[in-house]
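Consider the two complexes below, in which chain A is the common component and chain B and chain C are the respective partners.
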Partner chain A sequence: MAGATRTRLVREDTSGADAVAALAVGVASVLFGLGLAAMFEVVGLTGTLAGVPTLPLLGGLLLVQGVAVVVFGVGSRFGAVETNPRPDAGIVAAVAFTLIWLVVGGLVASQVLGLGLAGWLLGAILTGAAGFAATVLPREDVGSTLPAGVVTALVGLVFLSGYIAPTSVWDLGWEQKASLTAEFMVPVVTVFCALLTGWAAAKAYGGFGARGRRVGAYLLVYLNAAAIVGVLFALVAFTVFKGVPGLFRGLTFGPGVGPESTVALFGASVTFSWPVYLPFAMNGVGLLNDLNGVLPAIVGTFWLVVGAVLFAVPLGVGAAIFLTEYAERGRFTQVVEVATNGLWSTPSIVFGLFGFAFLIPRFGNGKSLLAGMLTLGFMLLPLVVITSREAMLSVPDEYRDASAALGVTKWQTIRSVVLPAALPGVVTGTILGVGRIAGETAPILLTMAGGVFVPGSQTADVIGGFQFTAAPPFVSNPELLQATSALPYQLYALITAGVGASGNVGNPDQFRWATALILLLVVLSFYAVGIVTRYYFRRKLDYE
Partner chain B sequence: MAQATSEDTDAEALGHLVRRFRNFVDETDREALAVVGVMTAALLTAFVGFLAVSSYTIVPFAVFLVTASYGWLRHQGLTARLLTLTMTVSTILILILITAFIFVEAVPVVFYESATVFGIEIPGLRMFIQPEWDAVSSPIRYSMVPMIHGTVMVTLVATAVAAPLGVAAALFLSEIAPRTVRELVKPGVEILAGIPSIVYGFIGFTVLSPWASDQFNILGQGTYLFVGVVVGLMALPTVVSVAEDALNSVPESMKSGSLAVGTTDWQTMTSITLPAAFSGVSAAVLLGVGRAIGETMAATVMLRGVPKLTDPLYNVFYGQETLTSLIARNYGEADGLQMDALFVAGVILFVTVLVISVGSQYVEWRMRKKFGGDV
Partner chain C sequence: MSETKQNPRKDTTQPLQTTSGESEEKLRSEWTEYEFDGRTKLAVEDLDVYYGDDHALKSVSMDIPEQSVTALIGPSGCGKSTFLRCLNRMNDRINSARVDGSVAFDGKEIYQDGVDLVELRKRVGMVFQSPNPFPKSIRANISYGPRKHGDIDTSLLAKVFGRSDEDAEERLVERSLRQAALWEEVSDRLDDNALGLSGGQQQRLCIARALATDPEVLLMDEPASALDPIATAKIEELIHDLAEDYTVVIVTHNMQQAARISDQTAVFLTGGELAEYGDTDQVFEDPQSQRVDDYISGKFG
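Up next, the complex of A and B:
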């Protein structure tokens, strides 16, 4: 009974204060949103918002927010609000507030008071020390609210006072001209103050102390995670939004509207027309085309991926088998491990340089599809080794022992026990790696890529290209030794070519965004497949 | 003394190897031995032929394929073992070849850019003591200073973005997020890594650069600041995934022990999990730095492509050129010494990133050792 009464009492005591703290968090989130909106020019600083001019509105909100946070902290100090704070606000908060106050002091001394170097340095150090003292000396409730609240209130006052106009500009006076504009600084400062006071208010909401710190930190951590996911969505959505008109231009359905394809198998050939016509993905660039497209680049990317996988996967899986099953664990395996990890973090442009110096002289002294395939294969190889090794190491030793107990040889054990068990890991890793190399531009820039606008007639036909010749090397495939295009290179070429060179594709901007979208679709579909595969295998393993 | 011991062990190891080889020759039957011998010889010949740019390379390679398929049918175990060994060796060989080729290509310009200090001529020094890059008009100078400056600027900004956000996201994923949220956010982070760098560059070029020019009243387009932000976003997934692994490798018993004393989970994170995983988390940040240094396309598309220092040096609002974008922009028209100078840029990148990678692996290795897992 006593417990129940006490709970009710505590709730009554703190509900008002809790509400104030929660309200402060709410105001902070409103400010955060407004700041972001202003940064991306959804809300103009010169305009009005709900009948009030934007800048004073922001200033007023900041002032209210700052004062509220300070009042809460001081109120807690004098026992008006029941909290359980620590003796001080902690070293992280102290460092952060010291830096903030250093900057504030320096800015005020140099810009407002117009002091010289010594003057503003002194000012900065003085305010920085004050910030430090205000954080460390008082109890946590004051230490974590007062410095944050005062900064915010000050900023609010500056915005309110009209000292800054929405069009203000501060020339930094550098040799290469650059200025800070109110247009940029006001939203940034607003967002910053919102975060600062939001954190302080969340801490207050948790009643300071260990619990308060947890609430404050979780607010920031959750916000960070949400921001990352938000940026991801924004990027993808923006590309889709800009790319869709170009991609689906001229899309028609119906029997026989598409281009003709011939499939030849064992002497018999079947010719049929596609029932879909998507010009952007089915045409090259040509004068006679009604609508131009990037078919050669799509086919080029396809063959690149096929070539790189054919080269890297057998090699990588083989190396992983040797390292995990045959080699003794020692210096050799360690060196190989360090080497593969080093290879994996080597910048892609270095692979391009290597392909340029090593492969190109060996494949007919010109950029070629084959050189591109091998360069990307070199890039993919370390990832295949690393993921295959991980997958094989995670196969339990009991499996191997059980197989060995049946009296089979080591290789039979590997082939029928270890490899099947490790397959999911290998497949997933490879798919994710392929997604990565399919979008790489830098390596193929130096080894494979040709012109900006590739006509449809130059679409690589690798299978039909093999010929036997009398002179060494006896087998040749001119298609493999030709420069061609790939989606990432196509996009790069379109960007650098500028508007002048792209006159023959009608609407160059639409063409570029559609290329970006199709590249994104290709790469992300690899990732989607990889992630789904992993999920599928893991669920299977979980329930087994 | 230490030298002598290590030589002793080396000699011992060599002796051990020779003994094992003898045993192997004695134990294996003649025919299998012949197959293996022919395979090895053919492959070595093919490799030498390939290095020597011979058009007859295909002959020994065909011999290798034929013997390998014969061996596969008759002596599968042995052939498989040899093939997998070959594959391992070729992985290492690729790293050696990369190192050798980019170093060799870089040599001529290093001698061209010699500088004399105290009467001693040091090759390549002039590339680092004067900031002039001019490939067209005399005096022709290939200085790496502006590009190194650019790379440092971009990497600093990128690290400032990727390190705190990445570590916070890793904490979120490994310690805080409920299961369902994690299942959503984790693929999201991976997809962020999957977006091709040229797409980031394109969006930066068409949206961010004009916006930045407008906001900061800059002449022209291209700022280290926003290239750094974009590159930081691209390095973020690396930091998140490596740091998450490090946080996950902290034994559960340590965390439970802390929680049992009555701390909040946030206190456990800051005073137990993070300090314990500190080396792993710093390895994650290091790897992120490595990614940022090597990032090419976004920088190439968004920067100005004028190799010179910004004025003043800390002027982040002007983006000139980085080591990577120099290569990507100039490979087309470069030949002779200028091409070699691009290889010098490649060498600097390669060595820096390799050092970072090896360093972070060492840090991770030490951490695993500390927790007593298998090394």
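Up next, the complex of A and C:
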């Protein structure tokens, strides 16, 4: 073909065919969402949806969808719809459809017709070849709709026909007793078919050709993004729904209902009662408690993270400054880089063991909050070094040159130009690290945790624990040298070890989920602090 | 300028293109021996610069008079920026660069041990080719240098003890911005991020920032290369005014600009040699070297 292809510059009219294709895209998105919802049991397969039983509803939608896509493709082939297809659907589509049809043929031959190995193979190869041919031989409009539409319509028929029940189970006949349930397979197949026909319908909507491929790719990317966001949201929502009852059990408001707190400053002390009473977050575990709670673990996790950050951030940023600004690029910096990356990938239990063997004998020979802080600090350190270094390297050299040309010393330049520009990156790295260390169980188990369910009286009072002494080291803090608990450790003990299930925490399941929710909230609030800090540093334009 | 002046030396039998050769060496030293009124601010002698094995600047000697504008012109890659960076030792920051020769600032050798680079760069300021303001407020950009030098103290402690120099800072910011012809445009948004300014404004901000540290010499590397004609005109006028107090050395690829603003012009040619140095009028109207003549009249570049 000599001339370049021309398509309409402006698509001003929405034809009926466009509307059909758009509708098909919409149905595909709905099916995708329904499939995901069924997978996470938000929608039950046995139940009904808008008055219709779920499984036949899914089947019907799939059938309509498949047929619509095929009709559109064939209609385009015979000139009923104006499109700009390429001569074929492309190699990627061909391979994908061949694989899909291989599976379909194999399944039908072995499961429905009950053929043996030879028949199963033959069926699979035959249908695979048919799928390949149907994709490659006809023009793009048929090649990308027909194989997708027919598979989807077939699946829809199977769902509709009642051939599989919502409670079906397929035994795979493996040694491990693996089996597939309809509860799992139906949503998976639905999501898959929705993607397949959604892609075909989007291509059709774009009129095939370059524009069609672009629209098809958009659809896949958007559905993928939506699915990821949806799954994350579902995860958080799940934890919240499960955790809220346990968390808010026994919540009361009113003057003086809460526990008493004493604030002591320079000898003077004030005692007051909290106007809210949230037993789960304000109590420890005790025989006399009306409702048990996890206050010691919350406070333990809080101090743990604060201590680790206070230890790791100054050291890590200092190391990063040395590596980026002072050390010659060369063998030494390379070795350090490899070593820090390796340390960050080191399993946490190794750090835990180090703390157990090295730190504990040096801090009072018992598990302690301080040992836990330092162990987690060591874990956090490599990440802080890596991200700070990355952030400092990305500060343009022009700033350093400009500063040097003004007659400003290197250290002043680092302090006033490089560090402020790198701070948002440092904060981001620290946030990531905090998310990891706050959830660590193994190092805590080895270095910090005492009893599993500790009474409220054992809550670490780090600030109040500082004591000033006349003799060196002039300040001591027994609270830091006490064993305490932390949220992930407590969760682990409750679930795996079954400790505490004996009724002293009331309803263990509620207790568990509420603990998980609190842990999530604690990490999220650290995250929020990080975001605010980062925002502050981005906005601040004047540093000393 | 485009008229081809008959150069007495044009007819010499020695080909001028050879880079070695005794007679050319002699001729060049004659051309670059330029007498001017006033004091020498920077005396450059036999300056060679190497980037690794690449000989970027070859035995350059020239005296730069104080309180004047000296333009450096020449085709790109001929070593103008390299030469400029030698004058405040910014080449020290390039790992592969090696400098040989001597530069005297007010008679003091700057290529010797014991030179305080920080102090040197305070006195010899620099404006770069592409604007590079800090990601700070306009005010903080201007007062950055003086604050770091300790000339202005607005720290918390200074405020607590009532010796904060906020007024001095205000005056300095206004003076520098006025000098750089930027005050009118930014006086009402001194606390905004400098990166929000346009390219021309950013460049003038960089000039103001360099002026705020009160240097004696100002080096400018194609300061107007990315600017529109109006901003360029403003900067040219500014350079002209600056020459009353400062010694300005400016690199430009624009010959008209060099002719307009400079008192003396140095022409570098490809290979890193200084081909001619003299009074601007004389260099442009009666170049001594045929190659310079060709370059100025646009026969090669």
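Here, the second predicted complex is superposed on the first by the 365 of 544 C-alpha atoms of A that agree within 3 Å, B and C clash if a C-alpha of one lies under 4 Å from a C-alpha of the other, contacts with A are read in each partner's own complex, and residues count from 1 in each chain.
In this text, a residue touches a chain if its C-beta (ideal position, glycine included) is under 8 Å from a C-beta of that chain, and two chains touch if they have at least 3 such contacts.
Owing to the predicted nature of the structure, the values given are computational and were not obtained by experimental measurement.
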Touching partner for A:A37 - first (chain B), second (chain C), both, neither: neither
Partner chain in contact with A:T181 - chain B first, chain C second, else both or neither: first
First, second, both or neither for A:A421, with chain B first and chain C second: second
Which of chain B and chain C A:E398 touches, first, second, both or neither: second
First (chain B), second (chain C), both or neither touched by A:T409: both
Per-residue touch tally on chain A - higher for chain B or for chain C: B
Touching partner for A:V350 - first (chain B), second (chain C), both, neither: first
Set of chain A residues, in rising order, touched by both chain B and chain C: 409, 412
For the chain A and chain B complex, residues of the former touching the latter: 169, 171, 174-181, 183-184, 210-211, 213-214, 217-218, 220-222, 224-225, 227-229, 231-232, 235-236, 238-239, 314-316, 318-319, 321-323, 325-327, 335-354, 356-358, 361-362, 378, 381-382, 385, 409-412, 414-415, 432, 435-436, 438-442, 445-446, 471-475, 488, 491-492, 495-496, 512, 516, 519-520, 523-524, 526-527, 531
Contacting residues of chain B [partner chain A, same complex]: 50, 53, 55-59, 76-77, 80-81, 83-88, 90-92, 94-95, 97-98, 101-102, 104-105, 165, 168-169, 171-173, 176-177, 181, 184-185, 187-203, 205, 207, 215-219, 233, 236, 263-267, 287, 290-291, 293-297, 300-301, 310-312, 315, 317-318, 324, 327-328, 331, 342-343, 346, 349-350, 353-354, 356-358, 361
Chain C-facing residues of chain A, complex: 396, 398-399, 401-409, 412, 416-417, 420-421, 541-544
Parts of chain C lying in touch with chain A, wherever the complex brings them together: 88, 90, 93, 118-123, 125-126, 128, 130, 132-137, 139-140, 144-145, 147-149, 154-156, 191-193, 206, 209-210, 213
